[in-house]
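Sending over a structure as structure tokens; questions will come in a sec.
Residue numbering begins at 1 within each chain, and the chains themselves are lettered A, B and C in the order written.
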């Protein structure tokens, strides 16, 4: 049915290709090792002497921001759609988890999975409703969604509005876990989310999303079904943020409309994603820490935290549009490109592109 | 020879403007067909209709004699219809390799297995990367595989566009002004590549082009369009000698 | 009763109208959603308060001063923040205005504190009777100003050479520049205009909703929604949108409870966007398959 695979063209270049492919694989392994190292460090932190219990809870809140930013970055960074309403998914995740914990005594992992799944499901619906929106219109639509969720949790009986729902102590597989235990669960989830995103970005699906972002027309020409992929992106993005929401609700053991109908969370998540770098794996980590720690460090000077947030945001946009993550990664990316080019040039016995061209010429006659 | 792509009486109106007026053309399998005409003649509109980005107001389009009037833009690639763009429509911030890989998107299989990197998907991915790298090698792009395409010279970008089209294992490629903005050297290179793709892999082509050295030397058959309507069609020799065509171009050089 | 609610709704809606118009103007000319629009008004309101109370200036002089200041603020924002990133994508511009919003919020809170302050009322507080309904004079002034400015701007953009030039800049900046239209000057003018509109909005709203750093948050959001109603392109559309939101809000507040007011505005816009992605009066994209 289709044309022949253009292959077997340049035997002399095979050596090149293998070397380049090997170098690429090496880089992927390096990335993986780095991330493993990071997580090893995270897991070992509680063992340090000066670390107290409450720090674990605070750390979990930071992790919540990171995961939420990861959710936003899927939509904003990799698919190119603006969302100012992910707080809605945070709420959905939190309340799903809360209700399961309170009324069914479900354990943490089940609550989190359920929160994520519920979010993802609603994400599908939202993706379909907003299928034809873009840019500013999408922003308003998602903002509307956040407001809508906020209004529901404020007024529908079962969610207990501003009074909130207090949750029983957390447990996993029947064993009660305290702050430190919960911290480990959070780190585990962060690891899973990161692994998932890492795999997504490198996959064909990830390429399709990025293609849609960079040029919708060209992407469609090559078979990327806009409806399917946009909805998928919404769903994945929602699900991840839903997981963050579930964690948030469970770690504080309290969910109330006061927190979850506040649209500033949505904006904060967007800021976190952008400051860290929207299409980088490390972006949400940096951005999440920045946004989460800001109120912590500037407690008394709340006004200054606003000013700082604004100033940092503008500075990033002006000088480092790829976020802080992009800034840090640039020299490494350049170095890697050089290495790959060198690998390609490190040809077999002097045969290089020049020789291949000569061979082609001979063939064409 | 089998008729691959055919349109009959395609008419497109934009408000009061008649962009295409009952245009018909046919592309036979294995041939390189040219579509020429003065600027504003409606060629790009026709291209957009053929690739389903525009909807025509009258007429029909067929692929292998199958009506495709209501296909969505993302569906025609599954028949084997690929296209390149006039002003380069690459994914600017992504690498050459990634751009070519997107071309092979329709070959990724089940998106969910791909998403979760299941073993079958991983094998498939590896095969696709090899496939992409081979195509890149054939088009002399091996030294630019990891460079973001926006940093590449114009000639390279043109070849990446072609590589992307090839990656989809097409039966036919629609080329929108493949050598626009190219100097003589780049034009000659692309000409060679186009001919090679056609002869070695049997890929059919329909190209819109202004550069006569490209059209007259490469095409098996040429359609001429003016003011949105068919003017003439025939072999390059016939078109060169056609008085109406010559006058339509008003003294423009149709030699070589 | 219904008539009263509608009238009150129109009054409320008129508060959003000037902000909505400003959002449309800035977006049309620069493809930027100005999230700081509300805070421009907020700063204007604070300045007016200071001029009136602390300096004891006359009301009309205050208006003049505030307009000058906020126009300057708008132009300053354009110069310092927007111009360096003028070639960026939409999200970057949007987020930059968010940054300006945060900064203005923080500065206001730091300089003047976060609590709510009353604004001296300069019009007759006794309500006026119109068409069998009761409206406060303050609201009437708002409606009058919003409509007036809306009409003036509409005529300006549609029919005057300068207005058409400004629209050309949105549609095709490169060609506009080639044709001798001073694009950068027009962009600066646009932000100045945004400041002008913001100053009026702030001064007119302050007596009604009191002055605080967060006073314009809701107004901005609703102004934004109203602007989207008009497809982010049409000034009359934005005004109509603002009025419709005001009415819908009030009706919802009356029948469903005040919790649902903002949500109603959003429900309307989401429903509209789902059916008509380009808003009520927006430009329709080329027929897609």
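What we mean here is this: a residue touches a chain if its C-beta (ideal position, glycine included) is under 8 Å from a C-beta of that chain, and two chains touch if they have at least 3 such contacts.
No experiment lies behind these values; they were computed from the predicted model shown.
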| item | value |
| --- | --- |
| Chains touching both subunit B and subunit C | A |
| Contact-richer chain pair (by C-beta pairs counted) among A-B and A-C | A-B |
| Far-end chain from subunit C, centres as C-alpha averages | B |
| Whole-Å separation of chain centres (CA-atom averages), subunit B against subunit C | 48 |
| Mean-CA-position distance for subunit C and subunit A (Å) | 34 |
| Of all residues in subunit B, the ones touching two or more other chains | 53, 72-73 |
| Where subunit A touches two or more other chains, by residue | none |
| Subunit A - residues contacting subunit B, complex | 1-7, 9-10, 13, 16-17, 20-21, 199-200, 202-205, 207-208, 210-211, 214-215, 217-226, 228, 232, 336-337, 340-341, 344-345, 353, 356-357, 364 |
| Residues of subunit A that touch subunit C when the two form their complex | 76, 82, 129-130, 132-137, 139-141, 143-145, 147-148, 150-151, 154-155, 267, 270-271, 274, 302-314, 317-318, 321 |
| Complex contacts: residues of subunit C adjacent to subunit A | 27, 33, 81, 84-85, 88, 90-92, 94-96, 98-107, 109-110, 114, 221, 224-225, 228, 232, 257, 259-260, 262-263, 266-267, 269-270, 273-274, 277-279 |
| Subunit A partner contacts - residues on subunit B that touch it in the complex | 51, 53, 72-75, 77-78, 80, 82-83, 85, 89-94, 98, 101-103, 105-106, 108, 111, 114-117, 121, 125, 128-131, 133-135, 137-138, 140, 142-143, 145-147, 164, 166, 168-171, 192, 196-197, 200-203 |
